[in-house]
Amino acid sequence: MKLIIAYIQPDRLNSVKQELYKEEVYKISVTNAMGCGQQMGYTETYRGVEVEVNLLKKVRIEIAVNSSFVDKTIEAIIRGARSGEIGDGKIFVLPIEECIRIRSGEKGEGAIG
Amino acid sequence: MKLIIAYIQPDRLNSVKQELYKEEVYKISVTNAMGCGQQMGYTETYRGVEVEVNLLKKVRIEIAVNSSFVDKTIEAIIRGARSGEIGDGKIFVLPIEECIRIRSGEKGEGAIG
Amino acid sequence: MKLIIAYIQPDRLNSVKQELYKEEVYKISVTNAMGCGQQMGYTETYRGVEVEVNLLKKVRIEIAVNSSFVDKTIEAIIRGARSGEIGDGKIFVLPIEECIRIRSGEKGEGAIG
Amino acid sequence: MKKRLLLIAVLAVLLSPAMIFAEDVVDPSAASALDAIWLIVCGGLVFFMQAGFAMVEVGLTRAKNAGNIIMKNLMDFSVGALLYWAIGWGLMYGPNGNGFIGSGDFFLASGDHVNWFFQVVFAATAATIVSGAMAERTKFTSYLIYSVFISGVIYPISGHWIWGGGWLSELGFHDFAGSTVVHSVGGWAALMGAIILGPRVGKYVKKDGKITVKAILGHNLPLAALGVFILWFGWYGFNAGSTLGASYDGAALDMAKVAVTTTLAAALGAVFAMFTSWVMNHKPDVSMSLNGALAGLVGITAPCWVVSPGSAVIIGAVAGILVVLSVEFIDKVLHIDDPVGAVSVHGVCGVWGTLAVGIFGDLDLLGASSRGAQIGVQALGAASAFLWVAVTAGLLFLIVKKTVGLRVTEVEELRGLDIDEHGTESYSGFQIFQNV
Amino acid sequence: MKKRLLLIAVLAVLLSPAMIFAEDVVDPSAASALDAIWLIVCGGLVFFMQAGFAMVEVGLTRAKNAGNIIMKNLMDFSVGALLYWAIGWGLMYGPNGNGFIGSGDFFLASGDHVNWFFQVVFAATAATIVSGAMAERTKFTSYLIYSVFISGVIYPISGHWIWGGGWLSELGFHDFAGSTVVHSVGGWAALMGAIILGPRVGKYVKKDGKITVKAILGHNLPLAALGVFILWFGWYGFNAGSTLGASYDGAALDMAKVAVTTTLAAALGAVFAMFTSWVMNHKPDVSMSLNGALAGLVGITAPCWVVSPGSAVIIGAVAGILVVLSVEFIDKVLHIDDPVGAVSVHGVCGVWGTLAVGIFGDLDLLGASSRGAQIGVQALGAASAFLWVAVTAGLLFLIVKKTVGLRVTEVEELRGLDIDEHGTESYSGFQIFQNV
Amino acid sequence: MKKRLLLIAVLAVLLSPAMIFAEDVVDPSAASALDAIWLIVCGGLVFFMQAGFAMVEVGLTRAKNAGNIIMKNLMDFSVGALLYWAIGWGLMYGPNGNGFIGSGDFFLASGDHVNWFFQVVFAATAATIVSGAMAERTKFTSYLIYSVFISGVIYPISGHWIWGGGWLSELGFHDFAGSTVVHSVGGWAALMGAIILGPRVGKYVKKDGKITVKAILGHNLPLAALGVFILWFGWYGFNAGSTLGASYDGAALDMAKVAVTTTLAAALGAVFAMFTSWVMNHKPDVSMSLNGALAGLVGITAPCWVVSPGSAVIIGAVAGILVVLSVEFIDKVLHIDDPVGAVSVHGVCGVWGTLAVGIFGDLDLLGASSRGAQIGVQALGAASAFLWVAVTAGLLFLIVKKTVGLRVTEVEELRGLDIDEHGTESYSGFQIFQNV
C-alpha cells in the first residue's frame, strides 16, 4: 500500500478529480497548502509598499492506494494537473504499512478502497 | 517509530482526544481536510442551481508514536471516532525513520513523546 | 529520498525559510495546523466561561529532499525554529519511494529539487 | 407620554381637520411636517436596528449557522410587518379597546400611516430579540410560526396595556420608549424559548453527575461590534423618536434630553460591563462590553425622558454590572443556554429600566403621587408583562414543540443549520475549523 | 409628482425670493428648512445605499474579487458624482430642454444645491447596479469608462424624459421614485454588460453538446445580508424622500404613506421569494430571500405614492415570486451570468413596479383618464427605457470591448481580480479554499 | 460660524424665554423643533462614524488584533462621553472662559442638551482617530488612560480657542466643521502616539544597516470599505450639521451647499488617490483609494461652507494626492508606523483643509480683510493646534510610557492582542494563516 501525495495548482483540482474517477480512484483527501517551488511567486503592493508573495497557494492531495493502483493513479494525476507551465506541481509516493477502516475495523488492502 | 494518520468526522475530534488521553497519548497534530470516501456527499442548492458537495469536511490527525504504542493508539482512535456510519474515516500507518525535538535536538524514540 | 515534516511555531516560519535558503533548499510546502505537545495550551475566558485552548496554532512544513540533503535541512530548520522554549516543535523524517515532477514527468532524485 | 401623544395623533387623523393643535404655537401644517419628518427618520433608524440584531447574533454564534440567523432576522421582520398590519396594530391601538385588548383599525383602515410606521418597527424589535436566544438549534419553520404570534398577538396585547391606553397606563405606569413594552417582552419570550428548546449540544456537559459549562465561541466579533454600533445608532430613533412628535410645545427640549440620557447610559453600560468582566475574569471581555452598551441602552429606554443625565449615568452603570452578573447566573447557575445574552440584556435590564423610572424619575413629569407608589406601579407593570409573556410564549413554544417540533436533530445541529435548513454555506471558500 | 415638485423647487431657486409658496400655509422660511432637512437626510440615506450595494455584491461573489468590487462601487459613485455635476444634471434638468434632452445649468451654475444633492445619489444608484452583474471578470479600466458614460449621459437623458419634464412625463407617465428611471435603467445596462462580457469561467460547462449550469457560491452571506438591510434602510430615503419636499400641503401624509407601502412591499417580497425558492428547490434559500426583499423594494419604488398598503402587499408578493423565476430563467434558460441577480431585481422588477402604477394606482392622483390608458403609458415608458438603454449601453460596451477590452484574461480571472487588477488580497491571512 | 451660532444657542437656553430669535422669520417654537431635529439627526450620524472608524481600523490591521481594536473604539467613545459631560464641555464652551480655556457648566448644569449632544460626538471623533495609528501594539489600560485626557482636557481646550469663542476665533480663524478642531487634533495626537510607541514588530527590518520597509497587510478589506462608506455617510451629519441649526435665515441654503461640497470633495479624493497610487505603484490600490475618500472629506471639513462646489473639486483632488504621498513619506522616509494612515488622513489633510479656507474661501462669508491675511490666520491656527497637541499629547504618552507602560510585550504582540489583552479570539473557527 502506498500513500500518494501530490501538490497541484488549485484550479486543477476538478480535472484531477475527473481523471481519477475515470481510473476508478474514488477516495481522496484534500488540504490547502502554500508552496514554494520553481515558480518564484510574484509581487504585490499594499499601501505603496511592495509585498513579496513567494508562498503560493497550492492544493495538497493525499491518496492511499494498493500497490497495483500506484501507476495509474499517478498517470491520472498528471493528466489532470499538467499544463506544461512552471508551478504544475509534484507527486511523492510513500510506503504505508497498515490501513484501517474505522467503521468496520477492517485492515489492510481491503480497507483502502 | 510510526506516523499514524487518521481522517475522522470533525465532531469526533473531542472524543478521539479523550480516548487518546486515557491511553496517555498526549501529542497530536490536527489539520482541516476535505475528503471523499464511501460517503458520497450531498447536494445543496444555491440560487436555484444544484451544487454537488462531494468533498466533505474532515479532520486529519497526525500522531507520531513509538512502535509499541501503535496498537493502543489505533484502538483509541477507533473508540473515539466510530459511530458505525459511513464516513467514520480511515487510519493509515507510515514508517518514520527519524524524529527530532527542535528545542533540545534530542533524536529518536526519546524525542517522540 | 526523504520527506521531512516539521511542526514549528508560526512566528518562526520566516527565519526557517531564511535558514533553508542559505542551505539552498528552496522548495517547501507549508500548511496550517493545530498541535498539542509539551506546551500545554492556555486558558481564555469568553463571556465569563473558561475556554481551554489546548490545541495551539502551529505551522507544518513538508520538504522532500534527496538523502544527502537530509542533515543540513534538519539543521537549518532547527537553527530557524529554536528559541529554547517549550513549543519549539518537532521534526519527522519519512522515506519517499518515488517522486515525480508533474510538468515534465521526470522521476526520482532529479525531480525533487 | 407615548400613549398620550399617540392618542392625540390618532385622534388627529380620525377627526381631522378639527383643530386638535389649538394650544400649539406651531402652525398645523408645519407641525404635521415636523412630526412626519421626525417619526419617519426615527422609524427608519429603528428599522435599521434589525441589521444590528442580525450582526450581533451572527457574530456571537458559530459560522455554520450564520445563514439561518440571517433568515430568522429577515423573516421575523417581514412576517411581523404583515401581521402587525393585519391585526397587531388593531389589537394594540384599535379605538374600541377595553383596557385589556384593543380592537378596530385592522389592516390600518384609518390610514394613520405615520404612527403605524413608527410602531411596526418596535413590534419587529420585540420579535427579533428572541432569535438570538434560540440561535443555533431552532427549526426554521417553527421560528416562522412563532413570529406570526409574537408580532400579531402577544406583543400587541401587552403593548395595549401600556401604550394603547390600557389598564397599566391608567394606573400611571410609565415606559417612555419600551424597556418593558418592547425589551422585556422580547426578553421573556427569549427566556421561554431558550428553556423549552434546551441548550445547544455540548454546552453543558455532564460528567460524573457534575455539569461543566462550556463556552461556545462566537465566530465574528467585528460583525458583533458593528451590530452593537448599529443598534446604538438606531436607538437614537428608538428613544428620541418616542416623543412621537417634534412639534408639540417643548418637543425640542424633550428630544434633546432623551438623546443625552441615552448616550450617557449606553456609554456607562459599556464601561461598567467591561470593568465587571475585568474584575471577575481578569480580562476585559469584548463581547461582554458590547452587551454592556446594549444593557445601558435597554436600561435607559423606559426612563430616558424622566431622568436627569446624572441619573442616566447611574442607570447605565448599574445595567452594565447587572448584565454581566445576569449572563453568568443564567449560564452557570440556571444552565439556560442563551448564546447572545438576550435574556439578560433585554429581559433583566428591561426590568431594571422600568424600575429606574420609579427610582430616579421626576415625579412631576410622571404625575406621580409619591415615589413609593410609582415604584410600586412600575414593579407591577414589569411583573404583569413577565407573567403575560411567560404564559403565552411558553404555551406557544410548547404547542409548537409538540406539533411541528421546535428543534433540529442533533446531526443537523452538529453539521450546522445552514446546510440542513437552507442548503447553503455562509462562508463558501473560507476554511473553517469544524470542531468548534 | 417628482417632476412637478422639482420644477417648482428649481423655479423657487431661480426666481427667489418671489412668492412661489403663496398657496402654502407653511411660512416660507420654515418651509425651505423643512424641505432641506428632509432632502439632505433622505439624500444621505440614499448615499448610504452605496454601502449596501457594495456589501451585497461582495457577499454574493468570491473572496478573490472582493477588493475589485469595492473599488468599482467606490469609483462609480465618485466618478459619477463628478460627471453628474459637470454635465449629467444639466442634461437631465437643465432649463433649456426639448423634451428629449435637457440643457443648461452645467456645473450646477444655478446653485440649486439641495435638489442636485438629492439627485446625484440617484444617478449613482443607477450606475452602481451594473457592477454586480459584471462582477468577477470585468477589466477595471473599462468599468471606469463605463461609469463616465452612464452617469454623464445615458441615465440623465432617459431621466429627462420622465423626471426632467420630457416627453414621457408629458404623456402622463408616472414613476414616483424611479422603478424605471433608476432601477430599470441600471438593470438593463447590467443586462447588456453581462451579455457582452460573457459568463464567468466555469459557470456554464459544455459537455457532449449539453450545457450544464454550475453554481458559483457567494463567499460571505452575512455581509450580503447586511447589505440588504442597509439598502432597505436607505430605501426609506429613496422613496419617501421622493416627495422632494416636506412642506407642501399634504407632504406629511405623503411621506408617511410612502414609508408604509415601502415597508410592506419589501416584507412581502422577502416572504414570497422565500416561499418560491422553498417550493422550487425544497429549501428556503438565503440569498434568494435577500433578493426578494430588494425585489419588493424595486417593485414599490414607482407606485409607492399612488397605491394603498393593501396593493403594496400584492406588489411586493408578486415581485418576490418574479425575482426567483427571473433569476432562474436568466441563468438556466438564457445562460446569462449575473452573479448577484441585478437584472432580475432591478430590470425585471423595475418593469413590474412601473406597470403596477397603472394596475393598482389611484387614478385621481395619477390624473389618468382611464386605467387602460395609464397601463399603456406605463408600458410605453418601460419599453422606451429598455430600448434606450439596450442600444446606448450595448454600443458603449461593444466599443469598449473592441478598443480597451472589457474582460480580464482567463488566468487573471482564475487567480482573482484582486491580485491582478489591484495587487492585493482582500482577506490577507485567512485560509481560503482556492478551488471555488 | 459654528461658534457664533452656538453662542446664540447657549444664550437661548440660558436666557429663554427671552426673544432671541426676534430677527428670525420662523416662529420660535417651530424653529427650536427644526434645530433639534437637525442636530439630533446629524449628531446620530456623527455617532455612527464610530462604527466607521472601528471597521476601517479592524479591516486594515491583522485578524489577531480585531477584538482589541473594537474595544478601543467602543471605550474611547464611552469613556470620552463621560469625561466630556463631566468637564470637557465646560472647558470648551463654559461661559466663564478667558479665551484660552472655558469654565463653568460642568456636568452640563445648563441643561443645553441639544448642543452638548452634537458636540460630544465630535469630541469622540477626535479621540478615536488615535486608535488607528496606535493599533496592534498598545496596552489596553494605557489606551483607556489616554482617552480620559484627550476627551476631558486636550481636545476641549484647543476646541475652546476656535469654537468656544477663544483667541483664535477672535482673530478670525475659520473652521466650519473641524478640519483643525477635530481632525488635526486627532491626527497629531495619533502622530505622537505612533512615534512614542514605535513601530510594530517586523515593520521596519534592519539588515546590514539598511532599513527595509515591510508591508503588514490588513485582513479584511470589505470591512474597511464598509467603514469608509459609513464614515462618508456620517460626514453629512458632521459637516452639514455644523450649521448648528436649521431655522436661522438661510440655513436651508447653507445645509445644502455643505452637502454638495462634501460629496464632491470626497469623490475627488477617492479618484485622485486612486490615480496617484496607480501612477506610483502601477496598480490602483484599494486601501489607498479608501483613504482618499476620507482625505477628501477631512479636507473639505473646514471650508465646506465658504467654498464653491468647483473649489471643493480641487480641494478633494489635492487631498487625494496628498494622502498617498503623505502615507508613503511617513512610512518610507520617516519610518513612523501608522497602520491605517490616520496621521496622513486626519493630520495632514486637516491642515490642508484649514489652509484651503484661506485659499478658496469666500472672503465676505469669512469677514476677512484680505486673502493673504486669512491664509495667515488659518496657518497660525493650524500651527497652534499642532503645537498644543504635540506638546500635551506627547507629554501624556511619555508619562504613561514611564509609568504604566504604553506597549505590550513582543510575545503578546506576536500572538495577538486579542488573546493576551482580552482572552479571546475574534474569528473563532476560521483558519487564519498565522505567519502574517
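Order of writing sets the chain letters: A, B, C, D, E and F. Residues in each chain are counted from 1.
The criterion applied here is as follows: contacts are C-beta pairs under 8 Å (C-beta built on N, C-alpha and C of every residue); 3 or more make two chains touch, one makes a residue touch a chain.
Please read these numbers as outputs of a predicted model, since none were measured by experiment.
Contact with both subunit D and subunit F is made by C, E. Residue-numbered contact pairs of C-D overlap by over half with those of A-F, the repeat interface among A-F, A-E or C-F. When the interfaces A-E and A-F are ranked by C-beta pairs in contact, the top one is A-F. Once the centre of each chain is set as its mean CA position, subunit B and subunit D turn out to be 46 Å apart.
With centres taken as mean Cα positions, subunit C sits 18 Å from subunit B.
Between the Cα centres of subunit D and subunit E there is a gap of 33 Å. Annotation: 51 Å between the Cα-based centres of subunit B and subunit E.
Residues of subunit C in contact with at least two other chains: 31-32, 34, 45-46, 94-95. Subunit F has residues 27, 30, 34, 37, 41, 217-218, 220, 226, 281-283, 285, 287, 423-425, 427, 430-434 in contact with two or more other chains.
A complete list of chain pairs in contact reads A-B, A-C, A-E, A-F, B-C, B-D, B-E, C-D, C-F, D-E, D-F, E-F. Within the complex formed with subunit B, the residues of subunit E that make contact are 213-215, 217-218, 277, 280-283, 285, 287-288, 324, 327-328, 331-332, 341, 431, 433. For subunit F in complex with subunit D, the touching residues are 27-30, 32-37, 39-41, 43-44, 47-48, 50-51, 54-55, 58, 66-67, 70-71, 73-75, 77-82, 85, 107-108, 111, 113-114, 116-117, 120, 140, 220, 223, 226, 418, 421-431.
Of all residues in subunit E, only 24-27, 30-31, 34, 37-38, 41, 45, 62-63, 217-222, 225-226, 228-230, 232-233, 236-237, 240, 246-247, 249, 251-253, 255-257, 259-260, 263-264, 266-268, 270-271, 274, 281-287, 289-290, 293, 309-310, 313, 427, 430-434, 436 touch subunit D in the complex they form. Residues 2, 5-8, 31-38, 55, 58, 60, 74, 77-78, 81-86, 88-95 of subunit B touch subunit A in their complex. On the side of subunit A, the complex with subunit F involves touching residues 32, 34, 45-51.
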